[in-house]
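Pasting the structures in now, so scroll down.
Paired with chain B in one complex and with chain C in the other, chain A is shared by the two complexes that follow.
Let's look at the complex of A and B:
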């Protein structure tokens, strides 16, 4: 297949961004790296939520269940099983995925708004359950012993670079994973399900299996991100781990203002969110009010978010996943 | 052709040369003095915001006093306080602690008020090797909640406050002064404080049993509940006359209202956390009369600030005059946090070197407005204990007044009244 000009430009752009980000530890100071790690995991969470809500029609407000599970898995595996952090991180994701299986069986009995509320309720059940486990500190929470984190690598700089690359790798894996998925048969099926579930079923898309798979896969990745988040936070409490505000509301904000149903939207949303936070977080409660006003404003002006505004005049895409009829056969 | 202001290569070169030359010139004296940055994490918003009410006053006091700099080993340093809001959320507390350490590159980080703020900040400081000073969290949830090892302690983090044993001793000291049936009802939530207070090993239960009290414990409840009927009926059925617990203010208000509606009238009500604040007592109206609590500091405490020289009474009066609000216990603890920090900085060999500040903190032996602080003699390493006494609220002319009614462990702090029974 010949490579068109736009493809070449796109590949060049991706390479430049990739190289810029991958060399972060060599040019960024500690503060910038910390901010980028946070941006990476928020962007990854946003893309995953976007895959659920924007591409698969599964509107979940309970993704904090998997962030929290992943975090607690990391603490359990490193503290009680003595696993090194680099092994515990992916394993936390796998275990979260396994737990998402029965969770999905419950949640999938509901649909539409009931599904959304159901996922939230399930997350609350997890929160209350972890508050009862006294080995993990119960409602009091627990701190990760510093020796475990220090054991990740030799010295502070090596440890911080390693955390940075892990966060970057997870974020890239999520974005490119979703891109590849959406260009595949599965993506086509998901689009069909989102647009009209009955019609999709009637043309042979195995809707339930497809949605189930996406939900569990997203949960596993979310769990791995949760493990990374609480490796950064060093302390986990049920309130912090299963916080609907931190791990669902802000993530939904990023996707909605950026543009749901596109891979570019959450990237824009994430940039806007971090810019706003850097400048406004010291305003206390007003900060949340301003975020709310902005999201309502954007939804009224352009339901497809910032990316929708960018795309209004000229159709342009960084991650082509929609198929178009070839004009010159 | 339009003309644009352009810069020729020659001009540019000359400019750069001039800049280079300028940078070698001696800088003005003011800019030359180094700045010590102190980070401060505090729950300014969220459910624990009441703890942070005195922040602005205390910071203003220190900024004014330190406006002309702080002299350490003959050199004058500027002192800058950088304040971050934890939003009463431990995730946020960890993030802002990282911001302070990585972006602002603070030399010393401080935090106050409950484990959700002090513990994550101290965890981050320990890992990132930044000296850290905290207070206003009972020491066991702070030390053991962070998996502290009494044999080793921590390298970088220091904390001063009272502990569980003090509050148990104070509460039972209040109850022992009264004539009751010795049946104690406990309202302990499933949170760091509730779990510690209700612990069968280190909490209230073993002490109460040893002292001949009967404990009625309906189990840990989830904070921010809106229905306490189950607990109230359990207390009524067991004939509870003494009620205790450690709950956030909104929970106490809900509980106390429902207790009145359901005809539950204990004679002694002694709570941690919720009843420490005059704002909460004031909001209860006449129902606030006779409630009791632990007192970590009051204007009557015989201690004064080593930084401003103010006595406890003078500090409270200055606060009330400046803000128009009644004094609260966190006021003195915020003040003491910074005076202990400044004391350590003064004694440090080099305040620009984290290890040097840490060593000075470790060697702290200081008389603060909340009592002596000494990290070498504590119950466990890195911890210093401050005195705790018992107090009871009375409503006088519609305003809550706190009297000291129990001082067995610290007779230096004068008793101002005897315990009275509610409705008695």
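Let's look at the complex of A and C:
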């Protein structure tokens, strides 16, 4: 297939961003790197939530269940099974995916708003359950022992670089993974399920199987991100691990202001969110009030978010998904 | 002639209301059957039972002799039952072409020539100029054409058409009739629920009449329609 000018420009842009971000540990100071790691995992969480809500019509406010599960899995696997961090991290994702299976069996009995509330309730059940496990510190939480942290890499700088690259790799895998998925047959089926589930079954889409697969897959990736988050934080408590505010409200804010139903939207939303936070974080609770006002304002002006505003004519996409028929063959 | 689709004693209750009451039908390959009946007679419910969107309380649906009553709507579509909805249900966030691609990839077995199939159906249904338009923005006639096009993309052996001509102008209706005759000529069997009786007469070989959920008559279209019983039910004309 010939490479058009827009394709070449796109590849060039991706490469420039990739090189810029991959060399982060060589040009960024510690504070910037911490901020970027946080931005990477928030963007990955936002893209995953957008895959559920924007592309598949599954509006969950309980993704903190899987962030928390992943985090606790990492602590359990490294502290009690003696696994090295690099093994425990992906395994935490796999185990979270396995636990998402029964979770989905419960949640999928509900639909629409009931599904949303149901996922939240399930996440609360997980939070309360982990607060009962005294081996993991119960309600007051537990810190990752220093020898496990030291086992990751020699020296603090090397450790921080490694965390940075893992976060970057997960974010890129999530974004490009979703892009590939949405361009595949599965992506078509998900769009159909989102737009009209009954009609989707009538054209042969096995809707339950498809939604189940996406939910479990997203949960596994979310669990791996949760493991990364608490590897960076070095301490986990039920409140932090299963926080609806951090892992659902802020993530939904990022997706909604950026533009739901696109891959570009969450990227814009994530940038705006971190810029706002840098300027407004000192304002205390006014910070959340201002975030709320901004998201309501954007939703009223343009339901497709910031990306919908800058790209009103849908002329340009960074991640083309739509299948086109060539009108001038 | 071999029987393709057979319904035996299909029944469905909604609370105390018996929406479908022991309806039996049979359809051979390439057959065309029209169904008429007053509003609320249970015609669309009958389609939902045949297509598997709704579970029957009693009765069987046989597909080429095999009982498919426990198969989901998706599996029945894959077997060869295509359907349209009375109120079109397009995938509004997808383009017209993508609407067909979903059907071809999932219901049509995802053959290698899915793209070519979709393009030829778009041509056949006169939707090619809208291929890249979002399906949510279509007008009524276009939505109805899309319903049919999408059902065709699943490569059905039987096509269930639910009031596809309702709400259209005479001119639009005529063009739709021509399109359905095309489909019939391709050998696809059709069951067509319709209030626009002249449209039915232009296409179907047999007519069935449903009232209060039960089939009360079936036979050659004009003769069946002209019986006093059908006239009194359908048009309120005293026999």
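Definition applied: the second predicted complex is superposed on the first by the 327 of 329 C-alpha atoms of A that agree within 3 Å, B and C clash if a C-alpha of one lies under 4 Å from a C-alpha of the other, contacts with A are read in each partner's own complex, and residues count from 1 in each chain.
Keep this in mind: contacts are C-beta pairs under 8 Å (C-beta built on N, C-alpha and C of every residue); 3 or more make two chains touch, one makes a residue touch a chain.
Keep in mind the model is a prediction, meaning the values are calculated, not measured.
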Judging by the criteria at the top, classify the pair chain B and chain C on chain A as clash or fit.
fit
According to the stated criteria, A:191 is in contact with first (chain B), second (chain C), both, or neither; which is it?
second
In the superposed arrangement, which partner chain does A:237 touch: chain B (first), chain C (second), both, or neither?
first
In the superposed arrangement, does A:29 touch chain B (first), chain C (second), both or neither?
first
I'd like to know which partner A:284 touches here: chain B for first, chain C for second, both or neither.
first
Applying the touch criterion given at the start, work out whether A:77 contacts chain B, chain C, both or neither, answering first, second, both or neither.
neither
Centred on chain A, what angle do chain B and chain C make, from Cα centres, as a multiple of 10°?
140
Applying the touch criterion given at the start, work out whether A:156 contacts chain B, chain C, both or neither, answering first, second, both or neither.
first
Report the partner of chain A that touches more of its residues: chain B or chain C.
B
After superposition on the shared chain, which partner residues are touched by A:107: those of chain B (first), chain C (second), both, or neither?
neither
Quick check on the superposed model: minimum Cα to Cα separation from chain B to chain C, whole Å please.
38
Per the contact definition, I'd like the list of chain B residues that touch chain A in the complex.
44-45, 84-85, 87, 89-91, 94-95, 98-99, 101-103, 105, 115-116, 119-120, 123-124, 126-129, 141, 145-147, 189-192, 194-196, 220, 222
In the complex, chain C residues that touch chain A
51, 53, 72-75, 77-78, 83, 85, 89-95, 97-99, 101-103, 105-108, 110, 119, 122, 128, 131-132, 136, 150-151, 153-154
With touch defined as at the start, can you tell me which chain A residues reach chain C in the complex?
185, 188-189, 191-192, 194-196, 198-207, 261, 322-325, 327
Please output the residues of chain A touching chain B within their complex, sorted ascending.
29-31, 33-35, 38, 128, 131-132, 134, 137-146, 149-150, 156, 232-235, 237, 239-240, 243, 246, 281-282, 284-285
